[in-house]
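Each of the two complexes below includes chain A, the first together with chain B, the second together with chain C.
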Partner chain A sequence: MNMSSYLLGLIQVFGGIILSPILVGVIQQLKAVMQGRRGPGIFQPYRELKRLWGKGLVNVAGTTIIYKLAPVISSSVLVIAICIVPISSRSPNFGFGHDALVLVGLLALGRFSIAASSWDTQNGFGLMGASRDIAISVFAESCLVISLAVVMLSARSSDLRTMISVTAGPERWISPVLPLVLISFTVVAITEIGRQPVDNPDTHLELTMIHEGPLLEYAGRDLALLQWNMAARHWIFLVLICQIFLPHGSSTLVQLIALPIVILALCVVAAAIETVVVKMRVLEVPRLLSVGTVTAMMALLALKATL
Partner chain B sequence: MTSTRLIQLSSSSYRDYLRTCLEDGGKFLGLYACRTGITCLVEGGSGSISALSCDTPDKKAPSIVDLAFNANWDEREAHDLYGIEFDGHQPLRPLVNHDSKLDTWTVRLEGEEPYQVAVGPIHAGIIESGHFRFHVVGDRILHLDPRLFYKHRGLEMAAESKHFKEAISYVGRACMACSVSNTLSYALACEDILGLQATNELSRTRTLLLELERIWNHLNDIGAVCAGVGMAAGNAIFGYLVEQVRRICEQVTGHRFMARSIQVGKSEIEVDGSTVEQVRTKLGEIRKLFESSWRDLVFNSTFQDRLTGVGIISQENAKLYGVVGPAGRASGLSRDNRSRDKSLLYRDFEVSMLKDPSGDVKSRFDQRELELNQAFDIVSALLEGDIASATCEVRRGPRTPDEQDCIDSDNSDTGRIGVGLVEGPRGSTLCAVELDGQIIKRVHLRSASFNNWQALAKCTIGNLLPDFPLINKSFELCYACVDR
Partner chain C sequence: MPITAVLVSGIVLVVLGGLLALLVNPKSANYIQACGTCALLVAGFYSFVATRSVGARFTSNLHPQVGLDPLSGFFLALLGIVAMPVLVFSTGYFDSSTRSRLLAWLSSLFLLAMVLLLCARDPTLLLGGWEMMTLIPAVMILVAHPREPKASRAVWIYLGVTHIGGAGTWVAILVLAGHHALGGPSSLHLAYGIQVLVCVSAIIGLGTKAGLMPFHVWLPRAHPIAPAPVSALMSGVMIKVSIYLLVRILIDWLGPVPMWIGIIVLALGALSAVGGVTSAIFQHELKRLLAMHSIENIGIITLALGASLCFRAQHELVWASIALGAALFHSLNHAIFKSLLFLGSGTFEKYLGALNIDRMGGLLRKLPIIGVSFLVGSMAIAGLPPLNGFASEWLTLQSLIHVSQFGKMGESLAGALALVALAVTAALAVLCFIKVIGLVLLGSQRSTPYSKAMEPTRPMNIALAFLALCCLVIGVVPGLVFGYLIHLSPWQGSHRLSTGLYLPGGDSLPTLWVTGGLLCLVGIFYLARGTKTASESPTWACGQDLSPRLLWTSSGFSKPLKMTLQTLLRPSRSINTSELGNVVQKVTYQSSVPHHFESHLYAPLHRFMLTQAVRVRKLQSGKLSVYVSYLIGLVIVALSLIRLGVIR
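Right after this comes the complex of A and B.
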């Protein structure tokens, strides 16, 4: 391990754990400006985390250890995921490797732990949100796996670092493979980070909630952890889009400089989508994800033709 | 408006009389109980209002729900507040009374697959207290039992034995969103008893206030539908528009919700010509912004997709439930109290109807736009010159046969009843007043919300649970008007 590798590792962990709430803050602020409001500023998520961190926990009567463990499990899962998702092709190994399929499994584990917690609390809104989340994930996961598989096949490796270096440079964009996968992966990303048109992160309408539903029974530090989870998911998916699915350079320096700029651009896109596109009817979401899956399949066919 | 005819009936002839009225093209308007009996209000085919009164010494009355389906809540309320048993209303579920077991006020849940979802009365958003019990399979609604009246304040009873001029503030307290419609219907009811006729100047002020209330409410409701589907931009811009109109209301009446702006027999609102001109210009700007924001919504296909085919009330059901207001007109019922009104300035008023009213969320949404434009037109026509304080005049000339009839059937001048009917933003608002001299014997407010809540519960059936907030917001009914 040399200096640059240390630095890359530091940026990756620092960015994923400490800076990720700023992504949510930036999207919120951009949305506010686009929608004619003043907005709370980009540091609002930190203020909220601080406020929640200082509050006591809620002990829901009749719950077991599952309810208490869920925020911890889903947070640890995301910390590992942050280590797994490299910000550059030369990122250091934290001992977890960089396997794309492990990432898919970790996200599923996080989802399961939250769903289990709503099953534990028996809160109607929690159960409703969790069941919608799990039903949707059936479609989202297939789309996610196929999108990643296309890149894995062309890299002949499931190591995310190899995938970054293989997809680097402009020549890959001559074939339709990457543009198609970009579309399908964006659909998954929107679903996974709970943004419109799939989910509305700002809603107070319990009946319409997907990701927010299971969070209703949490308070204090647990809720802070769960809110941070959503921010960490933003980081993971935006980094993946930026370093694998969008055009990127092959040198570490270029990748590093482009990262914040592209992520910011993606935040603008997310805010713009949320301003002009409303939340879809919940039964339409699988249809959107199926479109994503079909697009990924087309990429697979396109890849087969070029191989 | 012609005076209300009071018709004393025995409990055996009450049902038959009502049936004849309804068969002659009459319309059920409301029902309420008092200490000695019940009174049912019907509008005859010619537009005159009759109060069918029936004494109930043994606290028993025949039910009329089979004749007028929207008397359902009225009878349940009368039972809970005055202990009257309605023969034939089975089961007579509690409505205002909350001290009852789940089985008595909801439909029992049966089968393996359906489950119950309970929402409220405490909500995550800033809304009033309402409890909703859904029977659901997956995400689809099988049945809904709403429970309101969490903040029942007993305003009607509190107003009793007050002077009629004082009691208007009790009616005004019922709801701020409908403050003009509620107090105006009360004032008209009192003037109906006292034989007063509003002068042109007074009618003009009242019409202006009523239409201003309609404008801000409709703008607010459009914004609420935007919020229901996560259209934050639309919600923000319509929230801004609502605030602008409320400021105009404050400029005209001194209160953002126009509280205390309506008085019995007079109006003390005075606005000079230059302010009127200013308000007119400002409303013109608001209208322009409204039109461009509306266009943005019309051309947003993801937004329009959410509205079509959701929460449908067919014309048949709308008739059955007597749906009033924009919701009724969106289902193809062309009823609007403004077209029959003689006490306000609605000359040449034509009910605005959609070309193809289909009774879904989209129709109710589009209907509001039609009515907003109409309201803007009416208001700008009324905003010419000073607004001066005004009074009523005593009705002159020989009494009409109807009025003579009213005196005859009552035999005495005390204990007479008056009814005021106003087309509020949410539909027909009725206020019935019984006076003993100048003292209130009974006052009953039946707002459009009270009537439409029953239809709202019905029209959610078969829709998706996550669409309920949207359907709810397409009606945007008051809880406070009901919890009076």
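Right after this comes the complex of A and C.
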């Protein structure tokens, strides 16, 4: 543990917890600009969080402790996930390790608690969203696991730091493995952060919503936590794309300097996709994710062929 | 020898408890049986942890021999840790009628049969214990449901399927004994053909009894119909004893088996895991749903076992012992949470008088201890951190990734497909159990009012809370169990004992830290959330009252999945609308997901057997002249065979 390691850890936790709402703000603002609107500015998510934090909670009649705990558990899970996802190959261990499969399990726990909350309130819209979210997660989880597994195979470890250092350097991009896994992981990432064409974060229309559904019964600080959750998911998945699946340097300094630039570029891409592509039908999403899974399988075969 | 003394006293207590049940009353008898199983747990645990063996070694001779070694000890401990709470639970579950006495006595016999099978050291006791273990549950189901055609049909299917399939077990054990290879290193000299024969028959025979797809048809019929404590023993222990024999034969007694056997085991495991959980999602009866999940979990265990066989064929012995440890670990975990869930469903059945999950609801508030335990069990079976199910599924996932890593192209693809199957299974299990806890525990009461036929008693609460605590403790310190499991492999696997799981290659699951971190953060966020409540308000239902008719059902929640998997599941649906003068009077909607194994595999097989039986019956015409000609023909064939020198 030296000074740079502490600094990296600090950036990782600070970035994941405090800076992540900016990502959502940037995408919103860019989208507004691309669509010819003025936009609310990139700090709008903070204003919303501040407003919600000052408001009172809603106590839904007939609910159990699960309703109160769901946003809390889901936020705790994401804080641990932020600690697990390293921003560089020399990030410090917070005690939680850096295992990719633990990350998958933690995300499932978060999803479970949110879906449990909608069963607790018995809100029809919430359950509609939760049932879609979980049905889609069946395909998303397989795609996520297999695309991470391909990188694990080349790293010979499921430690995300090892995975970052193994995929570093431009020579990795001569083989088709990483480009193929990038495709499949991007599909999962879009699903998990609830962006178009899978989900539309700016609408509450019940026919199309997935992630927004279970949020309907919450208010005040609960809702603030849940909105922060979505921002934290953006951080986790964008960092993973930057540091593992996109080309990145092998030295810590290069990785650190490139991180904000590449994340910003990814935000531009996300905003452009939201502007150009229409949302797909809910039941088409599993098909998209299956394509992702097959792509990752092809990457696996390519990896075996090149070894 | 202390182990022998404890083991014998445990068996004596279980026998005594059984007899007391017949003579005095089943309640006190159940406590004595529970003490006996506690002694079995201690003996098994000591033998497992201290790697002590007592009694005879395995022999191929037909002289009855008994003994205990660490592997048997582990499964004995598994039996004890499940049977003890189950028997304590039974004190509150059964009344003191004659039927309950008989059931208490029979459960003693059932436990003894499984102990016999675990301690048997020669073919006669092995096969004797095996048959008893198959027959006694059938008797128990018939005693519990006398003169019910549905129950007797289920029992016949159970006996039929397990006996036809179980023939494989006889073949495997007798062939091994015939080659003096029971428990010996002499099995290394077995010919390739013999080895394959033993493998295939063991997989069919033991897979049938364990509920492995496609031999599983008996399981979803027999398990739900038994009384809840018996279902818990069947799902928790009995199918694990089959896994014990499978591990003995495939890993302990046979040498390295060919790679393709490992791949087949992987494929069967993947089929069971995905198939079991997919059918579970569309069940409406809680115990039947849980029985389907047993198939899924046996699939996960088999996946890990298959991975172990593949590693052994690839000469990766370190990973072979890790994958074997994962299989055994998941067996233990599944035994714990599945018996917990079955006991919970038994409580709900007594409390509500029905088991249709669409008619439950709000039980978390009505039965807090049972409810919270059931919630813990559901999260464990769904493989969520930081509970025990996640630890063993994590190990299995790691094993499958390494099958991919060490193998060539084809093996690698097989490992990757198995990996995808396990990931899908885990996600589907989350779907299924979020639905179960949502419908059973959360929200408000649904259609039927509580009949409150019986409130759970204190022993029932204690039994469930104990099992839930086991899920939590094993989930927080999995390394303490897994470290010893590594040593059970016939190859010296080494593992440093720690609370979390650490594998070669730097893969780590620091469960203690994750659990501690989660608890601290939950506390912090809960305090930060505050209690500034604006108002209590009803759930928003577009301005209507949220009447029970508007509530979501299990079919509604699983509908998106059913629609996406339409081509695979081929669900059937029918809507009937009755109109009177263009005004719709009544709409009936029916939908179901058929069991394709039954309609496409077993039904044609059944029909084929019946038509063949009709043909064979023609031989038995009843005419004396025909029988005389059969005899003459037999004599001629026998004589000519002797003349040719085939028979001496």
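Heads up, the rule we're going with is that the second predicted complex is superposed on the first by the 307 of 307 C-alpha atoms of A that agree within 3 Å, B and C clash if a C-alpha of one lies under 4 Å from a C-alpha of the other, contacts with A are read in each partner's own complex, and residues count from 1 in each chain.
Please note the rule applied: contacts are C-beta pairs under 8 Å (C-beta built on N, C-alpha and C of every residue); 3 or more make two chains touch, one makes a residue touch a chain.
Since the model is a prediction, treat every value here as computed from it, not as a measurement.
Chemist: Can A:Leu256 be said to touch chain B (first), chain C (second), both, or neither?
Modeler: neither
Chemist: Is A:Val58 touching the first partner chain B, the second partner chain C, both, or neither of them?
Modeler: Only chain C is touched by A:Val58; chain B is not.
Chemist: Under the stated touch criterion, name the partner, chain B or chain C, that contacts more residues in chain A.
Modeler: Partner with more touched residues of chain A: C.
Chemist: Which holds for A:Gly36: it touches chain B only (first), chain C only (second), both, or neither?
Modeler: A:Gly36: touches chain B, not chain C.
Chemist: Touching A:Ile73 in the superposition: chain B (first), chain C (second), both, neither?
Modeler: second
Chemist: Based on the superposed arrangement, let me know which partner A:Gly97 touches: chain B (first), chain C (second), both, or neither?
Modeler: second
Chemist: Considering only the touch criterion stated at the top, classify A:Asn200 as touching first (chain B), second (chain C), both, or neither.
Modeler: In the superposition, A:Asn200 contacts chain B only.
Chemist: Based on the superposed arrangement, let me know which partner A:Leu19 touches: chain B (first), chain C (second), both, or neither?
Modeler: Neither: A:Leu19 stays clear of chain B and chain C.
Chemist: When the two structures are overlaid on chain A, which partner does A:Gly124 contact: first (chain B), second (chain C), both, or neither?
Modeler: both
Chemist: Where does A:Val282 make contact in the superposed view: on chain B (first), on chain C (second), on both, or on neither?
Modeler: both
Chemist: Of the residues on chain A, which ones does chain B touch that chain C also touches?
Modeler: 124, 132, 216, 282-283.
Chemist: For the complex, give me every residue of chain A touching chain C.
Modeler: Those residues of chain A that touch chain C are 55-64, 66, 68-69, 71-73, 75-77, 79-80, 83, 95-97, 99, 101-102, 104-106, 108-109, 111-112, 115-116, 118-125, 127, 130-132, 134-142, 144-146, 149, 152-153, 156-159, 162, 216-217, 219-222, 225, 282-283, 286, 293, 297, 300-301, 304-305.
Chemist: Spell out the residues on chain A that touch chain B in their complex, using ranges where they run on.
Modeler: 31, 34-37, 124, 128, 132, 196-197, 200, 202-208, 216, 274-283
Chemist: Can you check the complex and tell me which residues of chain B touch chain A?
Modeler: So the residues of chain B in touch with chain A come to 117-119, 123-125, 139, 228-233, 236-237, 240, 300, 302-303, 305-306, 464-469.
Chemist: Okay, in this complex, where on chain C does chain A touch?
Modeler: 362, 364-365, 379, 382-385, 390, 394, 397-398, 401, 404-405, 408-409, 412-413, 416, 419-420, 423-424, 426-428, 430-431, 434-435, 437-439, 441-444, 505-510, 513-514, 517-518, 521-522, 525-526, 528-541, 546, 550-552, 556-561, 563-564
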